[in-house]
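Two complexes come next, and they have one chain in common, chain A, joined by chain B in the first and chain C in the second.
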Partner chain A sequence: MYEFDWSSIPGSLPFLWDGMKISLEITLQAIVVGIVWGTLLAMMRLSSIKPLSLFAAGYVNLFRAVPLVMVLLWFFLIVPRFIEQLFGLPTGTDLRLTSAMIGFALFESAYYSEIIRAGIQSVPKGQMAACQALGMTYGQSMRLVILPQAFRNMVPLLLTQGIILFQDTSLVYVSALADFFGAAYKVGDRDGRLVEMLLFAGAVYFVICFAASQLVKRLQKKYHPA
Partner chain B sequence: MIKIDNVSKYYGDFNVLKECSTTVEKGEVIVVCGPSGSGKSTLIKCVNGLEPFQAGEITVNGISVGDPKTNLSKLRAHVGMVFQNFELFPHMSITQNLAIAQVKVLGRKQEEAVEKGLKLLDRVGLKAHAHKFPGQLSGGQQQRVAIARALAMDPICMLFDEPTSALDPEMVNEVLDVMTELAQEGMTMMCVTHEMGFARRVANRVIFMDHGRIVEDDEKEAFFANPRSERAQQFLAKILHH
Partner chain C sequence: MGYQWNWGIFFQPSATGDDTYFGWMLAGFKMTIGLSLSAWVIALLLGALIGVLRTVPNRFLAGLASAYVELFRNIPLLVQLFIWYFVLPELLPPSIGEIYKQSNPILQQFLASMVCLGLFTSARVAEQVRSGINSLPRGQKNAGLALGFTLPQTYRFVILPMAFRLVVPPLTSEFLNIFKNSAVCSTIGLLELAAQGRQLVDYTAQPYESFIAVTLAYILINVTVMTLMHKFEKRIAVPGYIGGK
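Right, the complex of A and B next:
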């Protein structure tokens, strides 16, 4: 019978907290970049200018058809070389965090753009017609009327995607980056207590994500009762 | 003011408008009627370029709508339009609905735009609702706000696309009253509507459309007394017996 030994957890909490900060950092920037770049992609995809909509469709389909782990590995292997050359950095500079962030942001943009596209399409067509009839340009109509309504409809979905994103950050362990999961794994490996550490890390992810999704649910009820 | 000359429009192979021609002089009120699917809404949306057309020409105040060199936004800023489903902006207060295009399109100051908006809101009898949001108003009230919003841009003419079709019957009159008043003040108006009482009261001419074609374009007395086409006779008989 396996004997649990949780004693390595208390001492490693500061190290785990540093890992959590990296996880949160990646999540947050991927959400921000994902929403901004995703909005642009969604607008391109809905645009009547063929090359733009083809580019956006290609981008979204490519990233949605490839496993995230693979994208992260590509970026882990390619982006550091590229950045080193671009900025003339010495080879071997630690760019794991940067490349992980870029990989996540580009990958998540594809998912966000699909959510945002649906959001834009959920706004009645007549709203755009009304804007145009008042003399607004396309840009003004989008910025002042269509996107604010689209985002209001989408908030729960965007937040839910953020929670999924937070879970997905654990995949950066493939680049040996000490995010929360990576940190837990390292501690467990060092102390020969992998099972305990992984159970503990799982519990932490569960508590955070479950609490966050309950919050989203409550938010949804408050703003869209029905 | 509005000149529609031999306009044809296709959706793919489907010919929605067939060689439509008519004119609206300054101060005239034209009612466009006809069975659903006859192309009347499409025609009125061509006037401010919301719908593109493939043949013919439309000019508003001498400016060609179909010309790719025309700045459509600038033209539309002075052509008021009222929609079947009101299309107020639901995330803005009534005041902001009235002010936004004045500020962003005409470059007016916010205070000036609000003041003008409130004056027009008062005119359609809804001053007390300025701080509310569109969702808190009835359909008839929303449509009156939509008319005020269009008027706030100082339009040279107004287009109405079935402004009362989405309303409960008891709210139709409050909207028609505002439109009647507007017509009596000399506003140039082109109205797609089935409200024949309104047409009788204020229209100068009535246009009857069927299958994408302008079948009748008559002085209102002539149209109601003695429609020439059989199709218009049938249509009137059906609509007037309700």
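Right, the complex of A and C next:
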């Protein structure tokens, strides 16, 4: 039978923690950008101005049709060279993290925008009509009446998407970044202890994601007792 | 910016000489389709079973099924794939492990990818099946039992025929996901579409054409599956139900 040897974990914890910080950093910024840009996209999609709604529909459908791995490869292999040439940066500037973050945020925005669109559409139509009857502009009614209610309904879904996103960050492995998973893989590869490190990484992800999803469930029960 | 576009690159003989670069893409395309479809079969069968188990009154079985779902949903796909590919062969009894490790490496990659994608997706399918069953009015089950059906009969003749039809629209999106998720398998060296894309960039020095072509291939898969499933959904929709619409 296989003999387990967990001894490379304690010494590598600081390195793994650095990796976890990168994972969390990517997750957090993708959530923030995703919600802001996703809201704008959702509003464009629902707007009566044709070019705007076409653009948003095209954007969302494009990103939802393409695998995340493919998007990350674009932003790893192609986009950095393009940016270098565009801004005249010296070749070889390390744009991996920035580029992966941009790719991530643009990709996740498409998913967030679909959640937010459903949220906005879940607010009864009469609310918009009431705003207009009160003399509010479109922007005012969105900001003061529709969006606050929509977001309240969406909170559990947005958080769940955040957990999925955190899991997805492990895919920055394809751009050779040392996020938590990348760090665990590197340690395992170095010490010849890939089996232990991969199981450890799996366990850590499981604990974090399971705990987070239980929290979301409790939150949901508190705000939306079914 | 001085980039030389050359779409003709796909019809030039590849570096290894036995194929064109288009042939490489086609091979990747076939691998993606073959992998996704075989994993989908696993996902549907297991997912249906686990989803049903989650709704049965037996506490132990329902608990086991929900532990299964939580396990596969809370670990990133990439980590699961690496565990199937790198860890599991080590943990098998040495005699079986050796046979496996000496088999064709492409077969090993394919098997690990297929099982990984299949089980990962089965947890999601199970959730859809469960919510499909739970969305049925409770009276249906009670009526079945009141007519003297046993619980398995009630499932077999009353609940499942309805639930499986209601669950088709949400399963469409899982079906689309399995094709997209299959790209993750490029990380263990399986030469599917995304991996062929990377190779094309390395060998042809025409990164834009290569990636645009591969991205379009994924969009093609997506659109085709959506069109087919839409037709299927229409045929299978339960009259009178708004269901997935």
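Basically, the second predicted complex is superposed on the first by the 224 of 226 C-alpha atoms of A that agree within 3 Å, B and C clash if a C-alpha of one lies under 4 Å from a C-alpha of the other, contacts with A are read in each partner's own complex, and residues count from 1 in each chain.
Here, contacts are C-beta pairs under 8 Å (C-beta built on N, C-alpha and C of every residue); 3 or more make two chains touch, one makes a residue touch a chain.
Predicted, not measured: the structure shown is a model, and the values here were computed from it.
When both complexes are superposed on chain A, chain B and chain C sit side by side without a clash.
Of the two partners chain B and chain C, more chain A residues are in touch with C. By the touch criterion defined above, A:Leu16 reaches neither chain B nor chain C. By the touch criterion defined above, A:Leu198 lies against chain C but remains apart from chain B after alignment on the C-alpha atoms of chain A. Judged by the touch definition given at the top, the superposed model places A:Met44 against neither chain B nor chain C. Once the two complexes are overlaid on the shared chain, A:Ala56 sits clear of chain B and of chain C alike. Taking every C-alpha of chain B against every C-alpha of chain C after the fit on chain A, the minimum distance is 23 Å.
Looking at the complex, you find that chain C touches chain A at residues 1, 70-71, 73-80, 82-83, 86-87, 90-91, 93-94, 179-184, 186-187, 194, 197-198, 201, 207-208, 211, 214-215, 218-219, 222-223.
Within the complex, the chain A residues that touch chain B are 124, 126-127, 129-130, 132-137, 140, 144-145, 148-149, 152. Residue ranges of chain A in contact with chain C, taken from their complex: 1-2, 62, 64-70, 73-74, 77-78, 81, 85-86, 167-168, 170-171, 173-174, 181, 185, 194-195, 198-199, 201-202, 205-206, 209-210, 213.
Contacts from chain B toward chain A in the complex involve residues 45, 48, 50, 72-81, 83, 85, 87-91, 100-101, 104-106, 149-150, 153.
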